[in-house]
Structures are given as C-alpha cells and as structure tokens.
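Multiple structures follow.
Look for subunit A in each of the two complexes below; its partner is subunit B in the first and subunit C in the second.
Let's turn to the complex of A and B:
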C-alpha cells in the first residue's frame, strides 16, 4: 500500500486534488480516489456499503420467511424421525429393557415389570400413557388398548408392600415421614411460604438421599412433581403412591446401607430388617392378568425397538415397509396403501400434465399468432379462471359432474345416455383429472404463450419457402423452439398437481385422492403426526428435485404471472 | 352463384350441390335434433324440421338476400318456429339455433371459411385451419363454461344444484334471490366473510411491505448469494401447500401456546395473528416476483440523478422510485390478497373455528351439508375476481406504457 506522500511534491496530509496530482505525476503508483485512499480500496468500500444496504433491505423479509416458513418445514422434517415419546414416558423400563434379548427369553424379567409399574404410574397420573399407546399402536395394533387398560389398574400394583410397611409402623402412612426423608431444605421453606399464587415451588430432593436410596428418591421426586403440577396439591399432605413403597421395598431388600445420621434412620433400619419376611407380589402376573398381551414377545419387541430417540419407523411406514426381527420387510398386502397412493399421485399428475399440454398448446399457439388486440381478448378468457377462487372452480365442477349434475342432465336430455345409467364422473379419478386439468390449465398456457411469443414467424415461413410441408415446418422448426415452454409449463403443472389437496378431496372420492389427502388425514383425524411428516418429507424431496429441474430449464427468476 | 360474392377471389367456389348443401342439411339435422329434444317434439320430428328449414334457407337466402339481412331472416324464422313449439324459452332457443344456422349458410356458400388461409391453401389445409379454430373454441369453452354455469344456477329457487325444468322454461317463478339472501343474512356465512376481510388485507399489508423492500434490495447490482436468497423467498410458492400447512401446523400450535402463556393474548387474537402471519408468508413470493419484474425496467440512473440533486434516500424512494414501481407493487399486492382470500389448506390447519374464512366455509359446505348458497357465494367471488383481473390488467398496461414498452 502506498499513500499520497509518495508523490513528487511530498505533501503531507490529504487534499482534495491529491488523487489528481498523483495521477499527473510520473510515478506509476496505484490509482487514488479523490480523498487520497487507493481507488481499489475506496471502490471496495463503496461496494461493501452497497452490499450492506441491499442486504439490510432484504433482511427483514428473509428473517420472516426463515422463521415462519423454512423453520416450520425443518421442524416437520425433524418430526418425521423424532421418537422421544417412548424414552420419555417409560425411562426406567427402557433402561431395564436394553439388555433383554427377544431371541433368548420370551418375556423380560421381573425388573422390567417393576420398572414398568413405576413408569406407568407416573405416565397415568400425567395422562401420557394413552399418547404413548396410540404412538406404539401405529407399529402394532392393540397396544393402544393395552396401555389404556393397564393404566386403569396400575395404581393398585405394589399395594402389598404399602400394607406391610404400614403394618410394621403406622408412621409409614404419614406423608411427613417421606417428606422428612426426601425433601430438601430449600423446597421445605419455599413450600411453607407458598400462598396459592402462581406455580408451586419446584420439588427438590434432600442432598445425599440420592446416594442412599436412589430409586426411591427418584420415584418420590416424580410423585411430588406430579402431585404439585397435575393435581395442584401439596406433597407434604399426600400419601405416596404404592410405586414409592415398591421402590423402597426393592432397595431395602437389595441391601441399601442406611447411614446412622440419615433422617428416620431408625424407622428405615427396622423396615430393612423386616423386608426379608415381607410377602411379595408377582408384578408380571398382575400385568398379564390385566391383559395377556404383556406376555407377548411382540409387544416388548416394539417397545424395545422404538426406545431410541430417533427412528426411521415413520419413513418405513410411509413406503409400506416395517421393522421386523429379520430386518426391514414389506407390510402385509392388505396394509400397503402408501406406495399405491404415491404411484397414483404420480400417474394422475402426469395425466393432468399431458391433458394440459394437449389443451394448452393449441390455445397458446393461437394467441401467440393472433394480432395483439384479439390475443389480449382471448387472454382474458384464460386469466379469468386463473383469478377465480379455487373453491369456486371446484364447486362448479362438483355441480357439473354430479350424477344429477349439469353434464349428466345434458347427456340424458340429448339422449346419449340413459336416465338410469348416468355416467359416474365424480368421486373417482375421472372427476379429479377433469377438474384439475381445468384448474391448472392456465399455468400451462401462460408459460407456453410467453415462449411462443418470442418465436419469430419468419422461421416457419422460411422452412415452407424451402419446400417443407406445413407439418414438417411445424414439427421440425416451430415445435423444437416451443419445447422450453412445454417444459416450464409441465413442471409447473406437475409440481402444483402432486401437492393438491382441496380438489381431490371434494371431487376425488376414494379412488381419486392424492397423497396429500392422506397427509391431511393423518394431521387432523388419525393424529399420527410423525407419519404425516414423513409422507410430507418424501413429497417435499420429489418437489424439490422437480424444482431443481425447473430452475435448470427456465430459471426461477423467469417465473412470470399473467403474461 | 355469382363470383362477385366471393371474398377470396381467385379460387373458384366449391359446387353448391356437392359441398355446401349436404353440410348444411347435416348441420340442420343436428340443430333440429337438439331443438326437437328441447321442445319435446321427439328426435325424429325435430331432425326432419331441421333438415327442411336448412334446405329452404340454403336455397333461398344466398340468392336473394345480402349476408346481414339474410342472417337476421334466418334468426327470425327459427325464432318464430321456436315460439310456436315452446313459448318464450322456445323462442330464445330458436333464435340461438337460427343465428347459428344463418351464419353457417353464408359461411359455407360464400366461401367465408377460406378467410384467414392463403389463396394457395389446399382443401385439406383449409379444413385443418377451421378444425383448429373449432378445437381452440372448444378449449376456451372448457375454460369458461364451468364458471359461467354457476352464475344462473345461483338464482335457482329450489335447493337443487342443476337446472330445474322451470329454469329451462325461463319461468320467473323458478328464479329467486333466496340463496343471496341466505348468504347476506346467515351468520354461518357472514362470520367467515368478516374473517376473510380481516385476514386477507392484514396479510397483504405485511407481504407487500416486506416484499417490496426485499425486491428493491434484490434488484441492486451486487447482492451476495442472490440466487440462494431468491430461492428461499420464492419457496412458499414452490413447496406444495399441504407441506407448508403441515409444517405451519406444528410451528403455529406451539407459537400460539407461547403467545397465550407469555404475552397473555386471548385465544381469538392469537388465532388471527397465526393465520395472518401464515398467509403473509404465502403471499410474499407473488409480491417479490411482480415487483422484481417491474424493477427490471426501472432506470437506476433516476435515483442517482435524484441523489445528485440532493434528495435523501427516503425522499428518493418515495418521490422517484415508488411512483414508478407502484403498478407492480399494487398488482403484487392483489396477487397476495387473492392468495390469502382463496386459501383453504393452511387456514384449515393453522386456524381455529373462530378464524373460519369464506373458502373454509365453502369447503366444509361442499364436503358435508351441501347447500346452493355456495353457488351464490361463488358468483359473488367470480365478480370479485373479474374486478381484480380488470385492475391488474389496467395496471400492467399502465406499467408497460410508463416503461415505454408495447402499448398492449
């Protein structure tokens, strides 16, 4: 870098004519701007400023679209693999189940059932178990009712231990005993000061209790949290669940060491001495009594299989596959619907696109070759349907195509069709194709027209004067030049068609619906959102691939609306 | 036949007996068949009457009457025949059929069918030319017919979705405004109308403000990652609605809860905010595309000139740039408006019952309890779209004039 002092005058400082002087001098230094800095950096600065200004103008919208559009789509993609519900609802069971091998033992051992009792107890109180049930029901039908049934009975599980603890010492019935053992000082003071306003103070365990009785402490903390949040009650006044006694029994009989300075140490030591003689309860038998599906290896395999926080299960489901012990396999024939739907969506979109080309090409050609005034008049006939509400056009087609509709009436009236043998034009694929061709036709005509307008008439004339027949002149000279228009229109129509929902829903019946109708069904009726997200993700990939092709052929900047 | 009548002199006309007459008789038979069915004469009688009328007209008209009065005569004769056969409705039907027949007589006998083709064109080429015109006409008919059919049906006095015999006989009793009355008095329709009129303008304002600014930014010469930014901004138009709706469904349900809990907004208000924001995102690509297209023709030296004369950036924008790109901004805004006003899928997923819009109500109406009030609403909406189309078209021409392009 150089500066103004390299000039012959050896001026110090910058003057407005410094750049000029340097320019006039013999030295061949860098060209300088008016303020004396090098022209290059000055221009760079100006360019940077310009870029910043442009970006600042774009920024608000970019931010808006990123937050309200791109992020939601990303979230949807995330939901198609997300599967935290099993791990979150049954945290203990998932851990215990990790070692279970379905090929070795039919049904997991007692620890798993004990963990399930505790998890289910929490889940029932938080009303999560039905959600989990319906989630797993997507993978194995019957699980939903299994969880619902078990949820009703699980709070009695472990009662044997509660009764025996209480029989041993009535102090075990007193909530204060548990508070004394488990509750931390901070929570106790905060809870005492709670006046009924706002959320209750969050329950905290006493320090150290984790090390002595970890499982029981965790269970009691869950209990206290649920009592506070779900029931809005004070845990200091509530008798703990049977599951807490179950956990305590298990830990005491497993030989937990109670330090001498532990709260209620005497009571705990007395209980520990007695637990060896306690009557026990077979939790597994209890579960199987409620529903024998708990003895079914498949149920456990599903729980184990879906315990990971992420799953490909929804995607497998979306292409009619399923996870089996022997790896990925096809679903039974009668459950395969999505591949059929995807193929049907593709075939019907292709049919609609072809129909649009067939109908749009002559019209676009006519308009491109008419004088401007007449072409504009015809253009209005194309733009009117384009501007008319989609619902209006769809209802119009419903009116036209019905069994008692205008077209059938007309046919019967002319005598082409017998009155008792009216054509079935609606609630099938025919209805969808007719209505959607009409709705999407302007999207084909407009790009075709804008391409055809640029094809000079003289080419065809030249071809004819060189001896080409009308057909050859069209096919060899005109048509190749109009192909970009066909490509642009086809991709536009195809992309729009495969994502259509409203029109197939109304005129498509069951045989004329698209994959989008299935997505909407899963969002609003079956509530299998993960599967909806997976289907949406697959559709999105198809559309993006087509869009990429569109960009290669026409370029996104060249999208035109209404000529 | 005198050659003087031939507009495409140089090519002798085809002989009347072997060309025009048989075609006219066939045409008359078809029209007669339709007329006979309509008037209840039966197909055979109708066809016979049609053939006779066609034969008479074919022989008499071209010889003795010039085209204009000849066609009126044909219309009149068929009108009277229709009146005799079927009253007022018959008269109107007869007039239409007569006008068609009269036109066909002169079109075939005077060689008008060769208009628009070069003199040297062969018969096959002439035939193809006319067939092509006919095909195009049929396609335009396909485009317009469903929309036009809805309009008379909306005046149906019955709860039917098709033309009743009374309507076909043009019985005034068979027409009524009851579906319009229902639309403008029934709360099930008024509330959605109100919602649509709240949501669409708000969404339009957001899209137009943000979209115009961004389009101006995008049209400057040095924008880093221009293509990527453009792709992101256009994406709401490219991604199928059902996918956008699914994504927005998850996003806005959480956002709604958040707004209710932390901002303390009422359920209704959050509902409107959610739908307005969602619709604004959908409308933005249209604003970007139209405004960018307008800015292509904008002469950047104008802003430099303004700056040179001492105008600040804000003044330059409002006094120089804005008036010139206003047509583009307005038509982009109209696109955004109609996008929101027509939109069903997203509002179905994002909104609650309190935000039910007009298309949503139409959608449920079409799916469940089908009521002809929908047709009245459809007719009103067709009128709205005709108005919007007119405005956009006028703006487009004005913008082209301003930019010195073709007068359109």
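Let's turn to the complex of A and C:
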C-alpha cells in the first residue's frame, strides 16, 4: 500500500484501512460510520470481537502451555536466585548477625549465640536445621554435619536457667503458669472446646504481652505452634523448652518492666529480683563444645553472607566465580569447571551440527532426486533409528567403537592400525560426536529433504544450458535455494544437541560430557537445584542469544521446515 | 474387617513366636502400596525373598514396583513439594537416605519399636548394630565396591591387594573406576601410604586431596570412568579393561552365572549399605501398611532369604547363620558375601557423615580434575 499509483486502492477503491487514511488527510474530521460513531472506533469494536473469539479458541491451549510449560520453567528458574531458607530458619540469628563485622571480631558475640539457640531449637523441632545445613554446605564444606550435630544437643542449652526458675518457685514448672501469661483469651476457649477433630485452633498470644516481654512471647508462641503442629499436642499441658526460659531470663535481667496488672506479676517480679544472682551459661562455649567450627569465622561469614532472601551465589558458582570478603573472585583453579563445560558444549554441538550437514546433505539430495521407490526406501532407512530406543542405539555405538570393538577390529584386520595401538574412539569427545551425529542426523535430513523437494530441477538444467559447470550450477543455483533447509536443520540439531545428556553420559567419558550432564547431576544427585537452575538459565540465555544472532545474520524468515 | 483377623491368624501360624503384628493389627491398613527399587537382579531378589511371601500372607494387598531408586532423592523432593507422595517404601543407598533424612523427606524410625527383634533375641538396634547410620534408614543388605580383574590378562601373578590398581608396571592396561570421588580418593590414599584410620583426616586437608589426586594422576590416562554398575562387568567381559571397580554382586553374576574369566579382589573392599526409607507425608492407612511391610521384610529370616538370590550380605547379624545356597546355582552363598570373615579381612568402611559434608566440594574438584 506504500505506492498509491500501483497499490490496491486504485483497483478496489477505498478499503476500511485506507479509508482511515483518507479521513485523516482530510481536514474535515473523522469519517463516521453508519450509526454516527467514528469509523475508527466502530471498526475497533468489530475487530475486538473477532480477536476475543480467536483468543477464546486458543485459550485452552494457551492455558495448557502456561500451566504445564511456562509456569514450571519459571518456577525452576526462580530457584536460581531464591535463598529464603536462611532467613526463615534462623530469623533471630540473621537479625543479630547483621551488625557483626568479620574484620573486627573473629566470632560474633553472645546475643548471636543466644539467638542461634532459640532459632535452632525451633528448626530442630520442625526438622529444618539439616535442610539449612545442606543448603549452606554448598558454600562451605562441613556445615552440613555442623548443623546435624548441633541439632542433637541444642535442646539442653539454657537448662541452667530452667532449673533456677523452677528452684525459685515450682510454679515455673507448671505449663499453666506460661499459659496464664502468654495465651490469648479466645484461643483458650477455642482450645478448651477442641474435640480432636480437624486441626487444633492456632495459638494466639494475649494482647499486650509482646509489649512487656516481646522475645519471650515470640519464643513461647513458636513453642506453642510447634507443639500443636509437629507433635499434635496441647501446649497447655507441655512444659516449655529451655529456650523459653532462656528468653525470659534475658528479658528479665535486661530490666523488663512488669505492669502491676500483668498476669503472674508477683511471680515475674520475684523472678526479676532473683535473676541477677542466677548462674549463667556460656552458650558460645556450649556450641563450640559440640563442634569447634562454631568458633570459625568462615562459618559465620557464610551465614551472614547468605542471609538475604535472594542470592547471586548460584549464578556466580555457575560461571566459576565466588563471593569472597573482597568481592567477587574466581574460584580456585582446581574447582573451575562450568565455563569449560559451557564452551565445550558449544564447540561440540557446532561440530555435531556441521557433521550432520556434511552427512545429511547428500542423503537428502539423493532422496529428493531419486525415483519415488528408491527414495521411499531411503526414507525408511532414515526414519528407522526413530523406531529404536535411544539407549539401544547409544549402547550399540559402544560395541562398535570400543577398543576391542567392531571398528577397531576391522582397522586392525585391514592393517591401518597396529593391534597394540588401537584407536580410542569412545569415552571421549570423538565418541560423543559420532554417536550424537548419528542420533540427530534425521533431524537434519528431514527439513533438508522437504526443502530440496521444492527446488525445481529445471533451474539447475537452465544454468547448465547457459554454460555453467556442474559445480557452478550446484553452488550458485541449487545450493542457495537449499539454504533455508540447512538453516532449519541446523537450528533443530544444534538446540537438541545442546540439551542432550544421555548419550554423552554413556559414551562421553570425561572429555565428552556436556553442561547438561552437570545439570542432571545437580538435579538428581547432589540436589543442588539452585545451581542446576542457574546453569539451566545460562544455557537458555545462550540459546536465545544464538537464536537472535541467527535471526540477525541469516534471518529467521529464511528457515523452512517444508514446502 | 474379616480379612484382618484372617491375616492375623495366618501370620501367627507362619511366624509363631515373632511379634510381627502386635502393633499394626490395631490399625486400618491401605491395600495398595508402591515399592521403589533398582530393578534388575536386585529387585528380583526382593520380590522373591519377601514381597511375594508378604502378598501371599496378606490377601487382597497389591504391590506395584517403581524402578526409580536411582532418582529417588530428586523425585521424592519433587513429590513432597507438590504435596502428593505416591511412594510407600523406597529402597535407597545409605548416603541417599541420610540426605532424605536431612531434607525431612524420610520418616524417622524408632527401630526397636517398629522393627522385629532378631531371631536370636536381640533387639533390632543391637541386631543392626553399627549399620544404623541414619535415623531414617532401615538397612537391608551390605554390599561392597570392590575390584574385579581378567584372570587371563593379569599374567602369572594374580593381584591380591588393592594397589594393583595403581601398579601399571605389573599390570599394564586400562582400568575402570567410578566417575565420582567416593572410593577412588580413599583407595588412592591407601596406596600412597596413608594408614586406613587416617584416610578421612588426611582427605579433609587441601594437601591430602592433592595427594590423592596426584596418585590418581599416575593412572589417569589408563582409566575408563564408569557411571553404571553394569559397565565394569561389560568392559571386563569385552577385554576392554584388565581390572575395574564395581559392586560385588555384579562380579558374582559375571563370574558364577555367566562364567566369565574374571577374578575378584576382596582387599580394601568398601562396604556400603542399601535399605528402606519410608517417605514423610503418608496417610495413616498407607503408613500402617508400609510399616507392616517393612517390619516383615527386614526380619531375620527374610534378610537371610534374600541372599539366596543375590550375593549381598544381610544387614542383621542374626541373619548371617541362616544364609544358605543360591536358589538356582545351588552354590553356598556364605563365601560370596562381602561380610564373610574370609573376604572381610581388610575392609574399608565408607564414612557417610564425612562424605555428606565434603561431597559437594570434592565432587567439584574431582570433575574439574577429570576435565583437565
């Protein structure tokens, strides 16, 4: 429509589309439809209906793709930055640790260890501490057992205070005392009415108690929740953890003001008067006794460094970097592996794609040019591997390629290689390239074939009749027309190759494995899903970048899968 | 339920004297269960030794196998996150059980309460002894990773100790080792003069790790790295390698069942465990069924029965005297057990706790070392 003299306007008159243009160029105002509204909006209304209908038609598919494809992938990728576990498992410790400066003091002070005692107590009861341990173990070896060991001992921490409270007044041993102080009225009635059916009514603190004894109230609420949810017991009948007494001791000795009308005010005031003379317990020493790693600055630095809800740690790790006190730095050389693997994956996938073009092109040409009978036979041969299990095909290559295998035997028999110097064709990059080229070949041949099928033979004949040699006729006339097929085949083969992992795992040895093998390892074996997600995200970005580059250089419209 | 009374009566007859159904009888039990295992000969031994007898005893109960043990940890984690655990009992190796336990994906077991006492009167905890390596793990068998060699390729002096792996002068040729640091690092240090009891202390240090890698470097060019247990027997059978590490059961079947010219080295065999875990998050009926099954499947007689079908040692001490002959070959199985006194003169115990800590770190180093 750009050219007014040859465009459709001159032939068909004004269409709705060009009508608008006319309306705009006319200074008299917008063109009106029959009902008096502007043509533009009435047209939009009509089109919107159509669009809605079209959208409704594809809605099930769209919904399906969103739910089963986009959402899981998005969620998986999200794991590459997600790190809530530290803050959720150790909420108090993370807050206390925020001010700690590793360069000033070696090990954080007593408040941090007190917070850790409380957090760990809850985590152990909820069985979260070992999970956190394995998470932090990705960053520092040994943290896993540190948390596992500490979890076994932490419920005794603070017992000194429990004993002294109880010695002061046996009422402190009575769960009812704590219920009296901390439990809310409504929860008490709901709890008393609970008949064992369904979930227990959720524990609520009494209003105002967290103004007077905030830490103890929080600790007691945690205790009550765990007793209800994890043990399915009634907090009103359970003696609180040592950690609750610890919190109470800390707050009373820090000078909490107990109002006169506070429940159990007399008991609390009596305790407050006594806490100054209480024997104390060095929690830090207790932790260090369980494992001396608690006195290790590195452990604390890792906890502090990974306390934020989101982390770049997995991505750094995925490109062989790490977070150090002095900023981002390379990992030690003997741990660098991922960049090598990314580069290797790219290079080998390219090699496989090129090999597929070299081998697939002549086959596709033959198929496109042979009489139908032979072409069909050839087609069946190409498709045959599709009907065989991938594992079987890969294992067959093992038999073919190994040192005592068919190919080496043949070479020795012919005399190309010496018997004691057989070729290493498997368990290395060669093996991967050979086996994967074979497996991915049909993905190259089929698009090539369907494109070549549409290239008229007469073009080459015409070129030859005009004096071109066979080579010139092929290279200048036939080949350019088959390029869209090469493009389609290459994209298919390359992208499939990049994500392959079964074949490299079986025939790749150590030098022929891909980045996807490491992703699989971290998903199914080491359980480091964050790192796997980061590696996957990087791979996805690389593929998209290559796709973009391809589009810029070759043009994606230039790709044909057929006709 | 009439079925249950019948079932109780049958068991009482079958297992008079044992306390199989004491606790479980009071509860409703689900009638379907999904058992996860490794497939192949191992799963077959479980099927014969206790799943079939169990189903016979419990009319109306069906068991479905899922051969997913190799990916059990990842799959259980995914199921747990989706809130729909479809497995009832899962067979895993001990190190996976420890991880599942750490992740809160496996249930903690009260061994004395939930498992049968030993036939010799010992409690379950005494009977399993040191093999209870995790609170969630019910050991089933002891297997070992050990070395097999081609009898026709090693010349006149067959290897007798593990360091033959590193001895390229006496035994030139390719070896196959597992593509992971576990076992290889330990063997390398043992053969580099480190005392057995010091191995993990040494391996904990940077220098110790370098020492192990340096030792492995001496044979690096002569190693085919395997990932599946079937690889080494195949490589040995094809004459691709002169010796290689694999599980003792695989070597047993290559030697005794397939009659391959393969010999076996018990020296410095590394013990490992395989057993059951019960996933967390089962409904009460399913849990009752799973516990009932596990109680039966891990009693003294059942574990001894399993060794009729596969050459792995029963995890209960009380089962050892009951180990008999192979069900088809008719050979005495005791001498093929990794736990047999004659085979276990020099064994190495896999340190689970240590590897749980250092696995991520050493694996990264090991993979980087391989890629160099």
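By our rule, the second predicted complex is superposed on the first by the 426 of 563 C-alpha atoms of A that agree within 3 Å, B and C clash if a C-alpha of one lies under 4 Å from a C-alpha of the other, contacts with A are read in each partner's own complex, and residues count from 1 in each chain.
Throughout what follows, a residue touches a chain if its C-beta (ideal position, glycine included) is under 8 Å from a C-beta of that chain, and two chains touch if they have at least 3 such contacts.
This is a predicted model, so every value here is computed, not measured.
J.: According to the stated criteria, A:277 is in contact with first (subunit B), second (subunit C), both, or neither; which is it?
T.: neither
J.: A:402 in the overlay: touching subunit B, subunit C, both, or neither? Say first, second, both or neither.
T.: Both: A:402 reaches subunit B and subunit C.
J.: According to the contact criterion defined above, which of subunit B and subunit C contacts more residues of subunit A?
T.: Partner with more touched residues of subunit A: B.
J.: So, does A:528 touch the first partner subunit B, the second partner subunit C, both, or neither?
T.: A:528 contacts subunit C only, not subunit B.
J.: Of the two partner chains, subunit B (first) and subunit C (second), which one does A:421 touch, if any: first, second, both, or neither?
T.: Neither partner.
J.: With both complexes overlaid on chain A, does A:383 touch subunit B (first), subunit C (second), both or neither?
T.: first
J.: Is A:458 in contact with subunit B, with subunit C, with both, or with neither (first, second, both, neither)?
T.: A:458 sits against neither subunit B nor subunit C.
J.: Find the residues of subunit A that appear in the contact set with subunit B and again in the contact set with subunit C.
T.: Shared contact residues on subunit A (touching subunit B in one complex, subunit C in the other): 402, 404-405, 505-506, 523-524, 529.
J.: Subunit A touches which residues of subunit C in the complex?
T.: Residues 70-71, 73-74, 77, 99, 101-104, 174, 179, 224-225, 227, 235, 238-240, 353-354, 356-365, 367-371.
J.: Touching subunit C in the complex: which residues of subunit A?
T.: Residues of subunit A touching subunit C: 127-128, 130-131, 133-134, 137-138, 141-145, 148, 333-337, 340-341, 402-405, 427, 505-506, 509-511, 518, 523-529.
J.: Residue numbers of subunit A touching subunit B in their complex, please.
T.: Going by the criterion above, the answer is residues 47, 50-51, 53-58, 60-62, 64-66, 68-76, 79, 359, 362-363, 366, 372, 376, 378, 380-385, 387-400, 402, 404-406, 409, 413-415, 438, 441-442, 470, 495-496, 498-502, 505-506, 516, 519-520, 523-524, 529, 532-533, 536, 539-540, 543, 547, 551, 556-557, 559-563.
J.: Which residues, counting only subunit B, touch subunit A once they are in their complex?
T.: 33-34, 37-38, 43, 125, 128, 132-133, 135-136, 139-140, 142-147, 149-150, 153, 160-163, 210-211, 213-214, 216-218, 220-224, 227, 229-236, 238-252, 277-278, 280-281, 284, 286, 289-290, 292-293, 335, 338, 341-342, 344-345, 348-349, 359, 362-363, 366-367, 374-375, 378, 381-382, 385-386, 388-389, 392-393, 396, 406, 408
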